[in-house]
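Got some structures for you, see below.
Below, subunit A partners subunit B and then partners subunit C, in two separate complexes.
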Partner chain A sequence: MANTPDYSWPPMGQRKVIGQRVKRLDGPVKATGRAKYASDTKPSGMLYGAYVACPHAHAKVTSVDTSEAEKMPGVKAVHVMAPAGTEIQWQGWEVAAVAALTEMQARDAARRIKVAYEAMPHLVHEEDLSKAGANARKGSEQKGGDADQAFQQAEAVSDGQYGFPVITHCCLESHGSVVQWQGETASAWPSTQDVTGYAGQLAASLKIPATNIKVQMDYVGGGFGSKFSPGAWATVAANLSQKAGGRPVRLFLDRQMEQTIAGNRPSAFAKIKIAGKKDGTITAWDSASWGSGGFQPGGPPPQPYVFVNIPNYRRVHTGVSLNVGPSQAWRAPGNQAASYLTCCAMEDFAAKIGMDPIEVFRKNVNYAQPAFQERYQFQLSKAAELAEWKKLWHPRGQSGAAPVKRGLGVAVGTWGGRGHASNCRTTIHPDGSVLVEIGTQDLGTGTRTIITQVAAESLGLPVGAVKLEIGRSDQPRDGASGGSSTVGGVSTSTRKSAVNALEKLFEAAAPALSALPEQLEAVDGKIQVKGSPAKSLTWKEACRKLGTASIAEMGSFNGRNDGAGLSSEGAAGVQIADVSVDTETGLVSINRYVAVQDCGTVINPKLAESQVYGAIIMGISTALFEERIMDRQTGHMLNADMEFYKLAGIGDVGDIVVHMDIRPENDSKGVIGLGEPPAIPICAAVGNAVANAIGVRVAHLPMTPEHVLNTLEGRNA
Partner chain B sequence: MSSKKGFSRRGFLQGAGVGGVLGTGLLEREAEAAPAGAAIAGPGAVPITLTINGKPVNLTVEPRVTLIDALRDYVDLTGAKRVCDRGTCGACTVLMNGKSVYSCSVLAIDAQGKSIETIEGMTSPEKMHPVSQAFWENDAQQCGYCTSGFVVACKGFLDEHPNPTEEDVKHGLGGNLCRCGTYMGVRAAALQAAKQMKGGKNG
Partner chain C sequence: MESFAYANPATVEEAVGQLAAQWGEADVLAGGTDLISLMKENLHAPRRVVNIKNIKALEGIRKTAAGLRIGALVTMDELAKSALVLAGYRALAEAAAGIPSPQIRHMGTVGGDLCQRPRCWYYRGGFGLLAMKDGKSLVPEGENKYHAIFGGGPAYFVSASSLGPALVALGAKVKLVSAKGAREVPVAQFFVTPKDGDTREIALRPDEILTEVVVPGAAVKSATYEVRQKTALDWPLATASVALEMNGTTVKSAKIVLGHVAPAPWDSPAAAHSLAGKQVTEATAEAAGKAAVADARPLSQNAYKVTLAKVAVKRALLNAVKG
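Right, the complex of A and B next:
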């Protein structure tokens, strides 16, 4: 066929499978404990690994003696990653590892490895910039318009300080893998967000061809941005495996190491001033921010956020290098901090001029990118309606005399979410069975279900008629699941691949229907002549016309423009938190939480809602409870567990109302990713609701009783 | 849910240098029910028999091996997960004599003589228990790593509280944590399963 087929989505009203609330296809294996994760994998002959981690936050290794460990029962391999001379930059740094017949034996042996250190001075705190010394690196000031003049002429100026601590990803499945390395070939069963890229990255450190590394992952127990690279961890497991004569080695971080070194979200602190008019119009922005992503200080969160075109601004950011485990991408990198800083500062400005913050957001919406302005206006109204804002909101602090105060807070978010480059293969067999293959991964976002729905829709089949295989390095290449890029990528490549395969099937079936291939369509399990459904073959009959030759067609997306409007970018959302604060105990509880979110064409509203619920629950957890606590003296993380690093439980999150903004004007944008967008505004919405309830800004998250009571009593929180 | 208590049993035992001696209050209570002569075991591997999903299973494990590790590494029942390994998250939940326990906080040798039910014994994709079915229908799983623990804890809870309110569910399942944020689905699933289990007499 010379002409490019029409890949575009069927019109909204005519879709049979896309847009349906199909139940998650891997629900049954997950809800019965049969899903096998990398950490469940046990290839025959497998050994168990254990680490030796550095107890100092900053030190030089002076000697490593493994002789005693090597003689311990069951030990098959010992590998040293940080030999004498290595400068260690954080507590938990991997120094050596052991592989043995049982995990207990591996741990016993690891304890016998004698490492001597020369401790060095460390810095593990960044809130107080004046104590950061040479570890603080100030960036250059950025300016636009005339901020000085705007502040001088302002009818009102608000200023405040805001802080957002380091938190850890705390994936329930820790980082690690099972690796088997024998000579020139290796097999890996990793817990990863990037099946396609894994072999290449591991190959670089093992110095064997990427084609000789087989990667397989069926399920992953959480990543949230922290599992893109094999890390040093897979290399260690591989080295242990090779030293043990090629036996596979399972090496996962224990919970303490997971919390200490496996990834975290950078902190963000800022002093922000806003100038404006009494009618709510903002005229100038001034921010001095700082934060740390660990030893690499990290960059500034984008400010002002969403309201990017405030005409007069001045901003400067200082990065602080700390002796702590490194940050990793966190669900919407930079954007949670950006939303927190901007939306809290705007709420303070609204309080200063005695205006409803929603009205202030509306008043300044023309500072947002033009494509978002109308959507934010709509979403602000919708969220306000769902949260009963008119009835429940009150000016800051006017929350009555009773000790428990109620308050509402609003915040906004935005994210790109364009699909990554992706390739898919659809095979149609003469017996009518259909196989779809992509080397992608399902992080729990519903990727399996989405791909299957797109293929089924495209082929005119029910979901159950399509078999899907993902998670292997030898399948058509996809991308890493990060930045909400998966759904746009896989839905586009799958659509193209399925349509290409269908065209071939039309060619085979056309003669039997006395029609031209381009006159055919696939509907409800039949191949029929457009406009005359009586002239049709069942799907199976049509496939039989293939004789003995199966169809196998690729579909590819370059990650930029798919040419058919299948996917694009630019999601927006508005969220409102409704909280109660007990001013006697400092306890903050969520009454209700409302999210209005768009993400273009929604393939499965049920799973889309789950994404939003999940993002909000995770966000509420970070806003109320989570904080990495470092000990100044020892440089240790004090709460590297799940008892004192507290995650929200089922009773801690209030009632959550999710409204997917599926209006036709959004649907026409094509598929846009959804993992990050709803995760952005929560800290800001909760922070603003608390300020609205108690009448003062609690400068630092999380909203723990300690921070709330310190603020109420005027102690420096 | 009173049987769910966090004990740092392994650290305690090793820290105290007492090998497999049954030392804590909890373990003493368990020891009363154990056969005579079982009070001291180890420190080397010892033969034990566990009753898992109705069948006797013979194993040789060191006394310090926890029930979760015995299930996952010695029997290859990997539905229950080891996440915090310290009695906080519930991912390792199994039923012991019908009650939810954190299997990371029970020693395998102390689970002898008890009936242990894991998710594999309770439900399967082919024949889903109403709790699993309700988890599926209400999309109470994302990555799924916490899900086995939640499903088992939910069954244990509903067996004791067949008519729960939503508030009861929030308390009853408060001992399990999910990082992906599936709690809305879990609440709905627990309430739906309660209805179905009463109607269908399952469980």
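Right, the complex of A and C next:
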């Protein structure tokens, strides 16, 4: 057996395609509307599905009468998921569904399904823990060191309250799929973050072999962590399809249901005290937090965050069960809340002792994991420089007499981002054409582009010479795109697959060059002898040596250790918000937002920056506008739309400055995922900037006129 | 959405012939930025939709002896950019220009702005104009951060019209036409605060079409100031439109009308009175703002809107005299 090839990345200065600012390969088809999403799929004979959703937050179904709906024009199937006796735990719970020839017919018929309920008491609010009653479940207190003594002996103690509301994912393409179920086989066109895992999960509910389920998805219109599983909707679509004689059924949530039941980010509220010295050294942490992930209350965000080794601590968390739609992972689950609670409490401590918060962060950086300490020091400096911190920062509240006040705030984030298990197949044909296949998905992160760049780099070809196919269940298995695991996974498997295929090509080409295969290299579209570039074949000439036999070589990564340093984990970032607050109206606007972020080896700096821009736009939207508004009387989500569920527009996000920390010591770590890391610190940085501007902490996100003016005017929010 | 008949008249006479004496029979379609949503949510389920977009007589802005005549089909974008409007009716142009959604600015019409239904989430959620459940309003103990701070119920929604406050401040009238004839109604009386669940929030009758708005030509300094969170699609939290008849540098008479704070544009004679005979300065504008909200009765979650209304008045006044 030959020696294991050298899979490691070429040295930084010698890369030809990796590290280039290649434009997103699917940009033109997406921008022109030629890209077809799952919700655009229209297989022949397709029916449209519509749901009947429960209008109560907590109720028992007493009867379901579908007789009138079944007689409606165009109706081909009716399916009841919540028969009499079902106890429903949130508004929007799917009770029944209809498939009909047109969407309007399906909706009209769904409205004629008569469901009777016995309403039951509900709880939909958790911000006031004293009203949660038996729905509040207090966890056990966790302690370390001697917090009591540290607080008693502290030179300074700060305390504050912080509130981080539930927000929704707002996927522009709602959750759903087109499914065709014909006896022992099924086809699915889902909107999913997990093409590879989809068939297996759907098979479990349809009770047919996963091998008989074909899955295809070319483009997905947003997931952010909420589209890992086929969801009940795929099973319902399949049942409707079967009942309709095997015709495909399109079942996507409407906007109201999307906002209500398709996933949300849990809330987090906390009372936090910090003890420390006047030189900025923190000595103790004390937090009592609570929050809700829905009917399942969920756990606490990690606290303290990043500064994990504060020696004395005490923390307790209470989870609250609510009659609301279930939470789903939301771009770095737990981490935005953790960053908000920790970084806001630290900024309050800095204000208490009259110190610059960046100096307080620096002073305590030794509480961070050792591998991150130097990086945070560097990134704090870099972010401060880009934000003109020295010039623009002022002690809290010292922002002049004019009604519009400017403030700066800092926050930090960290994330693992190790690649998931991934398999790739590279096929080199005798005509020189190259096909790369992975059963992965591009969530809009640029996955297509970076796979192609890795393959092109590895084969010594330009990007345009590599054809890529992704998004099908019959391709080599990849993993779910979540937790920033995709780029590490696919870049590693692609690299290995391409290098393996190239080895085979070297074997075929070596005799013609009177050389040994291991003496060859692929450079600039040529196969040449190392050290003697004059002895070369063009790529096509070399491929012709294959005769009629194509090369098809796999590359596999087990998700743990790739053996060549291709990928690893552990990203860090520092962000600074520069805001203006109109203290007469409470309006907060972003002047400039600075993000300094590392993610190991960067395959495409343009796409990496684009990921960071996207995360910050999304994060500013959550910091300034987004909140789920529940009505305590009806148990309804009142802003389950795109009108009063407010999302930032491009004019609302200010000037965003992104600096990728691509120092050689970071590059040498290998590829690390970037989806979550930059999405973490934004609420904290904006909240801190607002406090810095107006001189007082606005406890509750989002930073709306309501919350800002309530704080300034002394009303408890 | 229920099935409906679709009428496509070419004249106002044909259009009114398609309307009925009761609400629910027919709805008028212009830009469709509100009606389509209402129909999709089954809040409106008309048997007939009467498209008036092909009625040429409802288009255009022109000067007449009575003042500026604005056709019901004029879009918000046309209004915001019209030289005639910008020249003498700044409050109106600013109200139209303030709508941040390009789709609504380009599709939404003057008539539609005045006739659109409230955005109250209880109304949109199917609880009716008065947001009733089990015989009582959901608003006072519910989620009322965007609701009225004036009026005291039983209606707590806020008028959604962007143009209403400016038109009231400018003393405009609307022309309402039915098969029986035409009538003119001051915009101040066009908006109605319903006392029961069966009354509409506008004086339009089900068999009428709003055909035009006439704004008198008096020389006034005017402005509209909106407090709005987003630059993308969003509704104002509070607005103020002011029209000042000047005597040199002092205010001879003023009209100050708040928006998005009550079920109808909220005229504040007290604020207007506070300015009479005075120059508009930071101090007098601030005092007018205070006077405008002296009678505000905020609900459990919207006290902040009192501040916003006060600031909107102050800033509108200062903008109006800035020229």
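By our rule, the second predicted complex is superposed on the first by the 716 of 717 C-alpha atoms of A that agree within 3 Å, B and C clash if a C-alpha of one lies under 4 Å from a C-alpha of the other, contacts with A are read in each partner's own complex, and residues count from 1 in each chain.
Going forward, a contact is a pair of C-beta atoms (placed from the backbone, for glycine too) under 8 Å apart; a residue touches a chain by one contact, two chains touch by 3 or more.
Computed from a predicted structure; not experimentally measured.
Student: Is A:Arg715 touching anything from subunit B or subunit C once the two structures are fitted on A? First, second, both or neither.
Tutor: In the superposed model, A:Arg715 contacts subunit C only, not subunit B.
Student: Touch test for A:Ala50: subunit B only (first), subunit C only (second), both, or neither?
Tutor: Neither partner.
Student: Looking at the overlay, does A:Ala510 come into contact with subunit B only (first), subunit C only (second), both, or neither?
Tutor: neither
Student: Who touches more of subunit A, subunit B or subunit C?
Tutor: B
Student: State whether A:Pro705 touches subunit B only (first), subunit C only (second), both chains, or neither.
Tutor: In the superposed model, A:Pro705 contacts subunit C only, not subunit B.
Student: Contacts for A:Val124 in the overlay, against subunit B (first) and subunit C (second): which applies, first, second, both or neither?
Tutor: A:Val124 contacts neither subunit B nor subunit C.
Student: Just subunit B (first), just subunit C (second), both, or neither: which does A:Thr102 touch?
Tutor: Once the two structures are laid over each other on A, A:Thr102 reaches subunit B alone.
Student: In the overlay, answer first, second, both or neither for which of subunit B and subunit C A:Cys170 touches.
Tutor: first
Student: Which partner chains sit in contact with A:Phe625 here, subunit B, subunit C, both or neither? Use first/second/both/neither.
Tutor: second
Student: Can A:Lys42 be said to touch subunit B (first), subunit C (second), both, or neither?
Tutor: Touch status of A:Lys42: first partner only.
Student: Which parts of subunit A are in contact with subunit B and also with subunit C?
Tutor: On subunit A, the residues that contact subunit B in one structure and subunit C in the other are 104, 641-643, 647-651.
Student: Okay, in this complex, where on subunit C does subunit A touch?
Tutor: Result: residues 1-2, 42, 100, 119, 121-122, 124-125, 127, 133, 138, 141-143, 145-146, 227, 229-235, 237, 301-304, 307-308, 311 of subunit C touch subunit A.
Student: Considering only the defined contacts, which subunit A positions touch subunit C in the complex?
Tutor: 104, 107-108, 111, 584-587, 624-625, 629-634, 636, 638-639, 641-644, 646-652, 704-706, 709-710, 713, 715
Student: Within the complex, which stretch of subunit A touches subunit B?
Tutor: Residues 23-24, 26-37, 39-40, 42, 48, 102-104, 170-174, 219-222, 224, 254-255, 443-445, 606-607, 610, 613-618, 621, 641-643, 647-651, 653, 656 of subunit A touch subunit B in their complex.
Student: Sort out for me which residues of subunit B touch subunit A in the complex.
Tutor: My answer: residues 6, 62, 64-65, 69, 72-73, 76, 78-81, 83-86, 88-89, 91, 118-120, 123-125, 128-129, 131-133, 135-137, 139-148, 151, 169-171, 173-187.
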